[in-house]
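Below, chain A partners chain B and then partners chain C, in two separate complexes.
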Partner chain A sequence: MGTGDYLALAAGAGNTIAISLLAIAIGTPLGLGLALIRWGRVRGLDGVVATLVSLLRATPAVTLVLLVYFALPTVGLEVPRFAAGVATLTLGSMAYNCEIWRAALLAFPRDQLDAACAFGMPRGLRFSLVVLPQIARAALPALVNEMTLLIKVSPAVAVIGVTEATRAAVRIGATTYNPIPPFLVALAIYVVVIGFFVATQRMLERRHRAGLFA
Partner chain B sequence: MIPHGIEVLWEQRDAMLAGLATTLAIAAASAACAGLLGLLLFALLISRIRAVALGLTWLIDLMRCVPFMLFCYLIYYGLPSFGIVIGNLMAGIIALTIYNAAYIAELLRGAFAALPREGIEAGQAFGFHGWRLLVRIILPPVLLSSVPMLGNQMVQIIKDSAFLVIIAVQELTFAANEIQATYYVPFASFVCAMLLYWGLCLAVEGGVRAVVAMAEVRR
Partner chain C sequence: MAALSLTRRGVLLGAAAALATTGVAKALTLAEIKKRGYMTVATEDDYQPFEFTKDGKPTGYDQELLEMFKKSAGFEVRQDIIPWTGILPGVTTGKYDAAVTAILVTQERMKTLDFCSPVVESIDYYLKRKGDKKIRGIKDLNGLSLGVEAGSAMLKMLPQLDDMLKATGGKLGKIVSYQGYPEAYQDLALGRIDFVVNTRLSLESIAKSKPDTFEIGEPVSKPTYIAWAVVKGNSELLATLNAFLLGTRKDGSMYALQKKWFDTTFEHMPEAPTADV
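And now, the complex of A and B:
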């Protein structure tokens, strides 16, 4: 493996990180939105969301990315590979995050809401000041866990030709006829990236706990 | 457009069903092997041989940081370098087995850690030790309490099996992709595949619920 190969792997790692972060940044709030629809029992939408989430959670990322990339052009939407990859991972992340947010919402003590109501707090404030800070803290470990799962399925976007870390390694292996070294470098990249998420979560939890007892 | 897609799929139903059958066979074989290997790893994890348990913990943690697709490539391209020549299907099953065995061992260890110690101590007091302690005293409650998580892992195996399309294993996603490439019906073929995966996962969830209900009755 030459310097160029290491650079290609670094570029691939950059793509893996960019795609994953974008999908996390879009999928997490979307998941919250879906969870709120289910929590608020919005008539008509509730069942649709439940079905969609169940279907998406059962769908392999590879199948979904192929669907997004090949089916969208048939309805006149030409999407670049990268965008199709982000859209796919976002859909999956949205579905998983919906369940995580929903669990946090269901565990939320109702009496706090009643108290806020009694003080005449409007709905929006009730949510942003009372509910959100607490469910965000409760959901954090599960959300970070889901982020690491998302990074682990992100190589799926390689099947439509997005050159992320895994595909970069495959290409180097194909040209050098020695596939193992680039795969081991890619493996190290994933361990570092996922390890970073896990360490961040541990730190945030420690800080929250310290704040709780301060 | 969509009625046409459904028509094509109906004509190609044999190819789709063959893909589904392959996915089912791969998932069942890998799940059985991963379950057995996971049990063995679990036994070593809780054994008194500290060095083995520590090394295994380290390996399992490492495995949980690796994307399945990368691991699949490593097995597929790596085993021949050690002189082990196998077909694509076999490589896929081996990759699924080893990868998921690590997760199963870890979830069994979690269930074991949550178990009250008294039962095990009582078993030891009655002279159970080693293999018999594991099989007669430890495993029954551990397995029973981890049924829902084992079900989740089964769903994971079914979903991971779609990754085998990259090493040209002719499973469900492969079949859907072949049909869409030949007849240009991407929407119908992939949605059909998604619905079939959904059916498999719902069946697993139903099975888990039935087992949990049965366990409740017997308790």
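And now, the complex of A and C:
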């Protein structure tokens, strides 16, 4: 492997990180939104969300990204490939995160809400001061778990030409006929990126225990 | 060149096939391309020596041909580099006007694509152990065990060899399918099988690198062709690409590129590709 190969892998790593972070940053709150719709049994939307989540969870990322990139232009929607990649991973992340948030919401003790109501706390405050801090804490391990899965699914977007770390490694292996060194480098990239998420989770959990994280 | 495989395109991925059949073709005609000001083509990123990436830049036989076309086209040619899986659906859904990649021409693909004038010809040959006196010609292959790659186009071509053998009163022997050709060559060298069927280019390359072990035999199939493609019915664009491709045959520039990338030339290809598989 030459310098050019390492540069190509670094560029691929950049794409992996950018796409994954964007999808996580958009997908996690969207998942919470969907979970709240289901938790609150919003009439009309509840069933739609349940169906959407089931459909998205049943769709492989590769199929979804091909659909977004190649099928949308046939109805006049031209999506740039980077955006198509982010959108695909975001949709998946949103669906899984919806279920994670929903589980945390279902486990939330109702009597706390009743108490807040008794004090006349408005709905917005009840959510932001009572519910969110507690479900965030409860959902954190599962959310981070889902983030690491998303990073490992991200090579799926290579199919529409977004060259992320794995594709960069495949390209190098295809010219040198020695795929092991580029794959080892790619693996190291994933370990570092996922390690960052896990370390952040540990840090947050330590802060909860110390009572610093509201 | 050792791992050169011309015909891995035996298999269409499920997702790609599903999209290709549901997509509504809206590829632009030549007039529409000129009006829009540019044409879009898809090329591959890991198919040495046709198109691959070296230090992040596209190169290869098709890439060099494409660069010549870009110069002569008279309109801008925008290139998208994507893996094989996305190429055919991209063309059939109209995302790309042409697939400038090494596609094996098959009857199945001819239903949804119009193929350009071929850029490479591929014929299957057999490879035997050096000095194996059992095999002096095609008819001696009767009943002998052979190695071939599982799921490959070469496997699908074997009935043609069976027909040849039947003509001399023989038949195909045991077929051993391998995950990859390197294992088949090893088993041939060890005497576990008697011959291996693969494309001429691949076998020439292996026979050249191991001249004391292997020896190339004769053709065991009709030729197949590798060509670029546009969506079915886009005949003006097809004609434009063909005019360019046939021009590079006439002035010899295509043969020079073949010499450079394949170390051989294909000077007797028909103007339009045919498909027996």
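Here is the rule we go by: the second predicted complex is superposed on the first by the 211 of 214 C-alpha atoms of A that agree within 3 Å, B and C clash if a C-alpha of one lies under 4 Å from a C-alpha of the other, contacts with A are read in each partner's own complex, and residues count from 1 in each chain.
One rule holds in what follows: a residue touches a chain if its C-beta (ideal position, glycine included) is under 8 Å from a C-beta of that chain, and two chains touch if they have at least 3 such contacts.
These numbers were taken from a predicted model, which means no experiment stands behind them.
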| item | value |
| --- | --- |
| Touching partner for A:Ala169 - first (chain B), second (chain C), both, neither | first |
| Chain B versus chain C as contact partner of A:Phe183, first or second or both or neither | first |
| Partner chain(s) touched by A:Val159 [first = chain B, second = chain C, both, neither] | both |
| Contacts of A:Leu34 with chain B and chain C, given as first, second, both or neither | neither |
| First (chain B), second (chain C), both or neither touched by A:Ser54 | first |
| Which superposed partner A:Ala87 touches (first chain B, second chain C, both, neither) | neither |
| First, second, both or neither for A:Ala71, with chain B first and chain C second | both |
| Which superposed partner A:Val62 touches (first chain B, second chain C, both, neither) | both |
| Residues on chain A lying within both footprints (that of chain B and that of chain C) | 60, 62-63, 66-67, 70-71, 74, 158-159, 170 |
| Interface residues, chain C side, partner chain A - complex | 2-3, 15-16, 18-19, 22-24, 26, 45-48, 52-56, 80-83, 85-86, 89-90, 93-95 |
| In the complex, chain B residues that touch chain A | 1, 62, 65-70, 73-74, 77-78, 81, 155, 158-163, 165-166, 172-173, 176-177, 180, 186-187, 190-191, 193-195, 197-198, 200-202 |
| Chain A - residues contacting chain C, complex | 2, 4-5, 7-8, 11, 60, 62-63, 66-67, 69-71, 73-74, 81, 158-161, 163, 167, 170-171, 174-175, 177 |
| Touching residues (chain side chain A, partner chain B) in the complex | 54-55, 57-64, 66-67, 70-71, 74-75, 148, 151-156, 158-159, 166, 169-170, 173, 179-180, 183, 186-187, 190-191, 194-195 |
